[in-house]
Amino acid sequence: MTTRQAPIAVEHAVTVSDSMMVAHSLPRPVFGPAQALHGATFVVRATFRRDGLDDDGVVVDIGAAQEVLRDALADLTYTNLDDHPDLQGVVTTTEVLAGLVAARLVRRAAAGDLRGAGTDLTAVVVELGETPQAAASCTVRLREPGAGPVDRWPWAPR
Amino acid sequence: MTTRQAPIAVEHAVTVSDSMMVAHSLPRPVFGPAQALHGATFVVRATFRRDGLDDDGVVVDIGAAQEVLRDALADLTYTNLDDHPDLQGVVTTTEVLAGLVAARLVRRAAAGDLRGAGTDLTAVVVELGETPQAAASCTVRLREPGAGPVDRWPWAPR
Amino acid sequence: MTTRQAPIAVEHAVTVSDSMMVAHSLPRPVFGPAQALHGATFVVRATFRRDGLDDDGVVVDIGAAQEVLRDALADLTYTNLDDHPDLQGVVTTTEVLAGLVAARLVRRAAAGDLRGAGTDLTAVVVELGETPQAAASCTVRLREPGAGPVDRWPWAPR
Amino acid sequence: MTTRQAPIAVEHAVTVSDSMMVAHSLPRPVFGPAQALHGATFVVRATFRRDGLDDDGVVVDIGAAQEVLRDALADLTYTNLDDHPDLQGVVTTTEVLAGLVAARLVRRAAAGDLRGAGTDLTAVVVELGETPQAAASCTVRLREPGAGPVDRWPWAPR
Amino acid sequence: MTTRQAPIAVEHAVTVSDSMMVAHSLPRPVFGPAQALHGATFVVRATFRRDGLDDDGVVVDIGAAQEVLRDALADLTYTNLDDHPDLQGVVTTTEVLAGLVAARLVRRAAAGDLRGAGTDLTAVVVELGETPQAAASCTVRLREPGAGPVDRWPWAPR
Amino acid sequence: MTTRQAPIAVEHAVTVSDSMMVAHSLPRPVFGPAQALHGATFVVRATFRRDGLDDDGVVVDIGAAQEVLRDALADLTYTNLDDHPDLQGVVTTTEVLAGLVAARLVRRAAAGDLRGAGTDLTAVVVELGETPQAAASCTVRLREPGAGPVDRWPWAPR
C-alpha cells in the first residue's frame, strides 16, 4: 500500500484573526472564580472551508473576511456582555461565544459578503483563545465536503 | 449552490496547553543524532471535542482540563524517559508520546474527571511540539460526530 | 451515553515548518491593492497524516520532512513568482500556493522521500501564513482514514 | 576598531510569564470606547535582571519567580478592577497595571522570596500584553548595573 | 547588598504591532540570493518609551499609536520598494527599513500625533521581523532617561 | 519639554533564532525536581547590537549570524550536557547556558565571522527559552554605545 499521488479530495481554507476585549460573569457555581464579574481578551481565529477554489484562486477574499470578522465582534468588544440585549440569560462561556461568532459569520457568508467563493462553503470554524493556554472552538458544518474539485485541481498529477 | 445558513452539524472543542521537560534517547539507527541521550521541552496541547455543549454551555471545564493534563504529564516531566517503568522497550518518539498522553486523557475523561460534558466526547487530540518548527499529534476518535446538537444550537437561524 | 475508552480510530500526524520570501502580483481587479507587485514571507506549515505509526513509532522522519519541505520551497523563495516558468498565467494567491506546495509534498511522499511511514499517508496539509492575522491552507486527502491501527495502538485499554 | 572578546559588563535576566483576566473601565473621555466597562486577558511577562549569577548559577529561582508572579496577580484575576479597594480613583491603564505588578514583585524580591540572587537585582520589568498587537511595560531600576561580574564570568576569554 | 524597594528610575513603554507586505531587491553581491527581486512580510513592532506616565496614566494612546504606525507603513505596503521615490539608491535591508519607520514615528511623535505623553518620549524602537527566525531593530534615543518620575510613581514604597 | 526629532543616539540590532535539544541534570538541592536527569528544548534567540549600520546597511549578515548560531549549538544539541567535556563541574542552568552561547558568539564576532559590521558590536544578547513561560538571558556588553552614528543616520531630520 503506497501513498497515491492522485488525491481523493482537495479542501481549501482561509483563516483570519482579530480580538475583542469584554467583561462578563459566569453566574453558576460550576464556574468557580469565574462566577464573579471579570474579563477577557478573546483572540479570535475564523476559518472558512471550501472544497476547491473559485476562478480567481481564492476561498474568500481575505480582506473581506477580516472586515466581516471585525463586524461580527463590533457590538461585543469594549462591552460588558452581561448587559448585551442578545445575551440575556445566556451563559457566555468561551464555547458559547465561539458559537455566536460562528453563527454571525455563517449569516454573512450566506449573504455573499465574503466575496470569492464565500457563498459555497463547507464549514466555518471559530476559535476563541482566552489565555495563551486555553481556547474553545465551534465548527459549523454547512455541507459535506465532496470530491469534485479534484478534477479541476491544477496541481493534480497527469 | 449557495452557502446554507442551517448547519448540518455543529462541533465544539476546548484546547488547553502545558509542557514537560524530559530526557530520552531513540536507540535505532533510523533516528540519526537522536539516538544519543538528549532532551526536549514538549509543549503539549490537548483538545477535547464534542458534538454540542452541555447545559452549562461547556465541552469540559477548562480548569479541570488543565488539571487533568498536568496530571497526565506529572510522572514524565523532569525525568529520563529511558528509565520510566511503563516505557521499557518503547521507542519514545514524539508521535508515541502524543499517543500516550492522549490515552491517559481518554481514561480520565471516561472517569468523569473533566466535568462538563467530558463524559460524552467524540475525540481527544494531543499535539506535542518539540521545537517551534516540529510537532506530532495523535487524534483518538471515540465516536462518530452526529448532527444532533444542530437542533439545540442556540444560534441556529430560525 | 458515556465517553468510551476504546477508540474507533487513531490518527497520527507530524507537522514541520519553514518559510519563503517571494515577490508577486495578483493582477485582477478583485485583489485591490494586491494587484501591484508586492511581496510576502509565507510561513509554511506542512502536516503529514497517517492512520497509525510504523514499527519505529513514527509517521514520517521529522528530519526528512523538514528537508523535503525545504526542497519544495527552494525554487520559490527569493524569487519573483511572476517570472517563474511554472506559474505563467497562474494567479498566485495564498490558497493556490498552498496547493502547489502540497502537490509537491505529495509527490515526494509517494516517492518514499519522507522515510518512516511516509508512503502510506491519508492526507497532506499545507498552511501558508501571509501575516500573523491571515493564512490559507490546502488539504489533500489521499485515502480515507481507517480503523485498523486501533488494534495495534499500544495505549489502547485492555 | 574591532569587536573585543573581553566584555565591559555582563548582565543576566530571567523571564517568567502568566496571565490574568480582569474587567475594568477607563472613565475618561480620552479613552474613547474603553470608557465603558469591558475586560482583558493581560498576558504578563516579568523579567528580573542582575549583574551576574549567584554561586548556583541563577539570577532567581524560576519556580519561585513563577510563584511570586502568580501571587502578585491573585487578587486581580477574575475580578472587576473598578471594585478593587487598592485601585479606587486609579485609572487602571495597561501602563499603570504594569507598574502595580512591578512594584509588588520588587517588594517580594526585597523580602528574599525569589531565592537565588533575587535580593540583589538591578531591575524588574513587567510587560502586560492586552492583545497580540498591543502591550505596555514598566521597568523599575533598582541600582546601576556594574562591571563586577565580568571577572567572575566563567566564559570570559583568558 | 540587598534589593532596594525604592527605585532609582522608573521607565514606561507601549508597544504596538502591524505588518507590511513588500517586494524589493538588495542588489549587492554581499546579499547572495537576496540580490534578486523577492519579497517579505515585515511584522513591525513599535515601542515608545518615556520616564513616567502622564496624568491619564499612559505613555501614548494605544489607539493613536496603532494609527500612526499604520500611516507609517501605508506607502510601503503592497509596493515594490525598488520603485519607491524616497528609496532610490537606498539598500533596503531590514535594518534600514526599521530605521526609516522609526524616523517616521519620531516625526509624528514630535508633532503630538500620539496623544498621551507622546511629545515627551525618551526613545522609539522599531523591530521588523522578516521571518519567525530573523528580525532587525532600530532604537532612536531622544533624551537620556531621568530619575524624575520616581517621586511621582504611585506604587513607590512609603 | 517636547519630543525632539533629532536623536541623541541611534542603535541597531539583528536577532536570529534556533533551538537545541539537550539532556542535563542540576544536581543541587536548590533545584528541586530539576536535580534529576531531564531535558529541554532551548529556543535560542541571539541579538547583535551596534551603534549604526555599515555601508551595506547591515549590522551583521543575517545568513552568517544564523550559521554562526547553529555552529555555537552544534556540540550541545542532541547530547547529555552532563557528559560534555567543557561542562564538567558546571551547573548548567538556563542562565549559565545563555552565557556560554553568548561567549561563543562574541568569539566568532571578534573573528569576523558575522560579516557586515560584525567586528564592531556594542553587545551580544542570548536568550534561552526553556518553556513558553520561562526564559533566561545573558547580555555581554562589549563597548559603550556612542552617539556617532547619528550624523550618518540617513533618516535624521534636516
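In order of appearance the chains are A, B, C, D, E and F, and numbering begins at 1 in each one.
Keep this in mind: a contact is a pair of C-beta atoms (placed from the backbone, for glycine too) under 8 Å apart; a residue touches a chain by one contact, two chains touch by 3 or more.
Just so it is clear, the structure is predicted and the values come from calculations on it, not from any experiment.
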Separation of chain A from chain E in touching-chain steps, minimised, is 2
Intersection of contact sets, chain C vs chain E, gives none
Dup interface of C-E (contact pairs over half shared, numbering-based), picked from E-F, A-B or B-F, is B-F
Across the interface between the identical copies chain A and chain B, with over half of residue numbers shared counting as same and under half as different, the residues used are different
Looking at Cα centroids only, farthest away from chain D lies chain C
Set E-F beside A-D; more C-beta pairs touch across E-F
The distance between the C-alpha centres of chain B and chain C, rounded to whole Å, is 21
Cα centre of chain B to Cα centre of chain E, whole Å, reads 39
Residues of chain B that touch two or more other chains sit at 130, 132-133
Contacting chain pairs, sorted by label, are A-B, A-C, A-D, B-C, B-F, C-E, D-E, D-F, E-F
The answer for chain E against chain F in the complex is residues 28, 30-32, 90-96, 98-100, 102-104, 106-107, 109-110, 118-121, 127, 130, 132-144
Residue set of chain E touching chain D in the complex reads 1-5, 7-18, 53, 56-59, 61-63, 66, 115-116, 153-157
Contacts from chain E onto chain C in the complex sit at residues 19, 21-24, 33-34, 36-43, 77-80, 130-133
